Amino acid sequence: MRSKLTPVLLLIAVILLAAFPFVGEKFYIQLIAKVMIMAIFAMSLDLLVGYTGLVSLGHAAFFGLAGYVLAKAAPQYAAANLWTTLALALVACAIFALLTGFLVLRTSGIYFIMVTLAFSQMLFFVFHDTPFGGGSDGMYIYAKPEMKIGETALLDLEDFKVLYWFTLGLMTLVYLFLRQVLDSNFGRALIGIKTNEHRLRALGFPTFRYKLASYMLSGTLAGLAGYIAALQFGFVNPEILSWHVSGSVLMMVILGGMGSLHGAVLGAFVFILLQEILSNQSWFGPIAKHWQLAMGIFVIIVALLLPQGLVGLGSTFRKKHKASGGHG
Amino acid sequence: MDFAFVLIQLLNGLQYGLLLFLVASGLTLVFGIMGIVNLAHGSFYMIGAYLAWSLAGMLDSFAAAVLLGVPLTVILGMGLERLLFQYLYHRDHLYQVLLTYGLILVFEELRSVLWGDDVHGVAVPALLSGSIPLTDTLSYPIYRLVISGFCLLLAGALYGLIQKTRLGMMIRAGSSNREMVQALGINIKMLYTLVFALGVALAAFGGMIAAPVSSVYPNMGAQVLIICFVVVVIGGIGSVWGALLASILIGMTDTFGKVLLPEYAGMSTYLLMVLVLLWRPEGLFKRG
Amino acid sequence: MADPILCVEKLTKLFGGLAAVNDVSLELYLGQVHAVIGPNGAGKSTLTNLISGELAPTTGAIRYLAHGEGEFDLAGLSSDRISRLGIGRSFQKTNIFLPFTAFENCRLAAQSRQQRAWQIFRGASRYADVNAIAEQSLQAAGLAERGQVNAAMLSHGEQRQLEIAMCLATQPRVLLMDEPLAGMGPQESLRIVALIQKLAADHAILLIEHDMDAVFAVAHCLTVMVNGEVIESGTPQAVRASAHVQEAYLGEAHGDTHG
């Protein structure tokens, strides 16, 4: 749960992040931008997992789909229109969520986990096997989309600093938007579904519709993250739909603390930075090639010891102290 | 496309389906009885396959490799159950998913360290390397028939174990009422370890006998795991008959898909899944 | 007498070969409490589940006169649809939102009437009408002082009261109360009985209970179920006097201690 301190801390974080490009190197600016993209991705999944109680292992489907829409919609060597391509990507994700939602949301629990994974694998094979998406070689996005009104360019996304601030702005907007949604009637109903769906239905809520709406919103926001990721990276291939991506983002949500939006952001930061550190060959030498081993062990430890995630560390710590104090 | 060709594809589809059923049975057994979703189930399949390759090379005998490899993998599985899994029995499925996802990463990386990233073939044991002639020009490998035979045999043995023995009775009781079983003095911890060992053995054995036909390669564990998931989705959670039917359907769809529409072969299984879900949202059979 | 507001007609529910509810008929009237009693396993909870939509009947009908919307057959409708039509239900096994406060439990229940899910830019706690209904429900159920307490921290009796409060917050016309007094002490029971008597004036109440004192204090009509079937139905006095019922259910333990 959020304390009074949280909004202040978050504001400080945003200010620090905004100031970073003035002092940091290009590599790190792009890295933090990547982290912020993943933070949006993680928040979108947290809406589904942490607040609606639906554990999806197939969220990469939306992330990758949006990237591919941009790659397909962008002209070969000219810059695409950001407004139209982004709208197209988001609509594609919403439609995919709507269609698959009707099939997957009739289930729950472990079955839901399996069927969401299966659908994202299906999409993986669509882009991997068919010529539609350039096959396993993927597709390039040679020019960053333009953000124009009429003939005036609003932002030059070719500039990596501008792209960084653009991403920071979007991440902040998504955070504030989700905060508001979770505070609304709709959000309270979602939390009710996670807590006791059976009772909520008995009270008169058509929970299927709420779950479908949550799934669509979550998928669309994941698509937003995927769009910017493709924009930043300039390249899409079927690997962005892989279940490793789905597993990683789920890991970020749990690591940070489910049911806590800033936890999802924190989880994304820690996970990506950890990944960067572990795979850094200049620090760890040749064993850095096998960084997934350390990452796997880390994931196992988190699963065993940190049910509340990082944001819950404070309360877990306090509880342990209380317990020992009581017996003292 | 003549009769012999179709027959070959049917036999291939059957073999693939039965193998899937064997591996998927291990997964649903552990899930149905212990309530554990084990994503690393595919990793045990992979470990079995790689052990088949390396042990067969060292011992110069495929049979010896299987006889040694399965118990080795089972011991590994039981060790993991005692060390890690037992702490998750009462936790949300989410944490099991996470923990076993971490295990997948660990196993894949260990495989890379120990055995490298190349694709390796495993020789069919000499005794079973012949073929049965079907026409003047076409014949069918005996080994593939042996795989199908073994899978059917094991499935039958599994059925007999669960339905007809005391152990099977305890297993079935333990799945519906854990406390009662404990109150009756049955060691539920031992029971769970046994069931888990059984699940691992099925996966490892599946990987081993499949190795001569499918080779050993990185990511093979994840691949089979995801298809096992599709088996459960199509067949319905908790239904063994559903898993059998789903496995055969997937085996046929995949095999004929590769032959008729090679460009869309990877998707054929998922298209089947979509069709089934449109008709039956919870799979073909639900646990009553 | 006015028409019944809810009419259960020859309702049957088969589980495989077992008839949990077998050819049951009864009527609910506004302003009346209709109690259903019977030994464990008689099918009383199944009957409640059939009316509230948790289960679909095998055969039979449930005719309900919705306010201003005409007559509906509830059989086969979903539980949320039935709730929205004005049928409220409290559960035998406490079924509340444990992590929320008592007030939030009721607020969420009240929100069900005016879900306004599209208004995502307005905080859920900013709807005065919903808040008022939640307050009133808490008060009616005797929990006015306990609104800010987490539901998990409430005593068992208070949780049963919250169960009823949530039901009331959905502003139903028909109340299905499944053993509201389960696990309550004598003081709390009296309070709930008084509440039921007060509610009876504006609602039609189906009361499942084992507490015979309570049943005879509030019920206008009594139905006895054994093994899924109705063996007797009528006024409490007539039912109590019936030898058939005494033999099947009430037994000698209760005897004639009530006047």
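All chains are identified by letter, namely A, B and C, in their written order; residue positions are counted from 1 within each chain.
Following the convention adopted for this analysis, a residue touches a chain if its C-beta (ideal position, glycine included) is under 8 Å from a C-beta of that chain, and two chains touch if they have at least 3 such contacts.
In this text the structure is predicted, and so the values were computed from the model without any measurement.
K.L.:
What kind of graph do the touching chains make: line, ring, star, complete, other?
P.N.:
The chain contacts form an open line.
K.L.:
Looking only at C-beta pair counts, which chain-chain interface has the most contacts?
P.N.:
Here the largest contact count links A-B.
K.L.:
Taking each chain's centre as the mean of its CA atoms, which one is most distant from chain C?
P.N.:
B
K.L.:
Could you state the distance in Å from the CA-based centre of chain A to that of chain B?
P.N.:
Distance between chain centres: 32 Å.
K.L.:
Taking the mean of the C-alpha atoms as each chain's centre, how many Å separate chain A from chain C?
P.N.:
Chain centroid spacing, chain A to chain C, equals 44 Å.
K.L.:
Return the distance between the CA-based centres of chain B and chain C, expressed in whole Å.
P.N.:
The separation of the two C-alpha centroids amounts to 49 Å.
K.L.:
Which residues of chain C are in contact with two or more other chains?
P.N.:
Expected reply: no residues.
K.L.:
Which positions of chain B touch chain A when the two form their complex?
P.N.:
Where chain B meets chain A, its residues are 31, 37, 84, 87-88, 91, 93-99, 101-110, 112-113, 222, 226, 229-230, 232-233, 237, 263-267, 270-271, 273-274, 277-278, 281-283.
K.L.:
If we count contacts the way the header does, which residues on chain A are in touch with chain C in the complex?
P.N.:
Checking each residue of chain A against chain C gives 180-181, 183-189, 192, 195-196, 198-207, 210, 213.
K.L.:
Which positions of chain C touch chain A when the two form their complex?
P.N.:
52, 54, 78-81, 83-84, 89, 91, 95-100, 108-109, 111-113, 115-124, 127, 166, 170
K.L.:
Give every residue of chain A touching chain B within the complex, in rising order.
P.N.:
My answer: residues 49, 55, 57, 103, 106-107, 109-111, 113-115, 117-119, 121-122, 125-126, 128-131, 243, 247, 250-251, 254, 258, 290, 292-293, 295-300, 302-304, 307.
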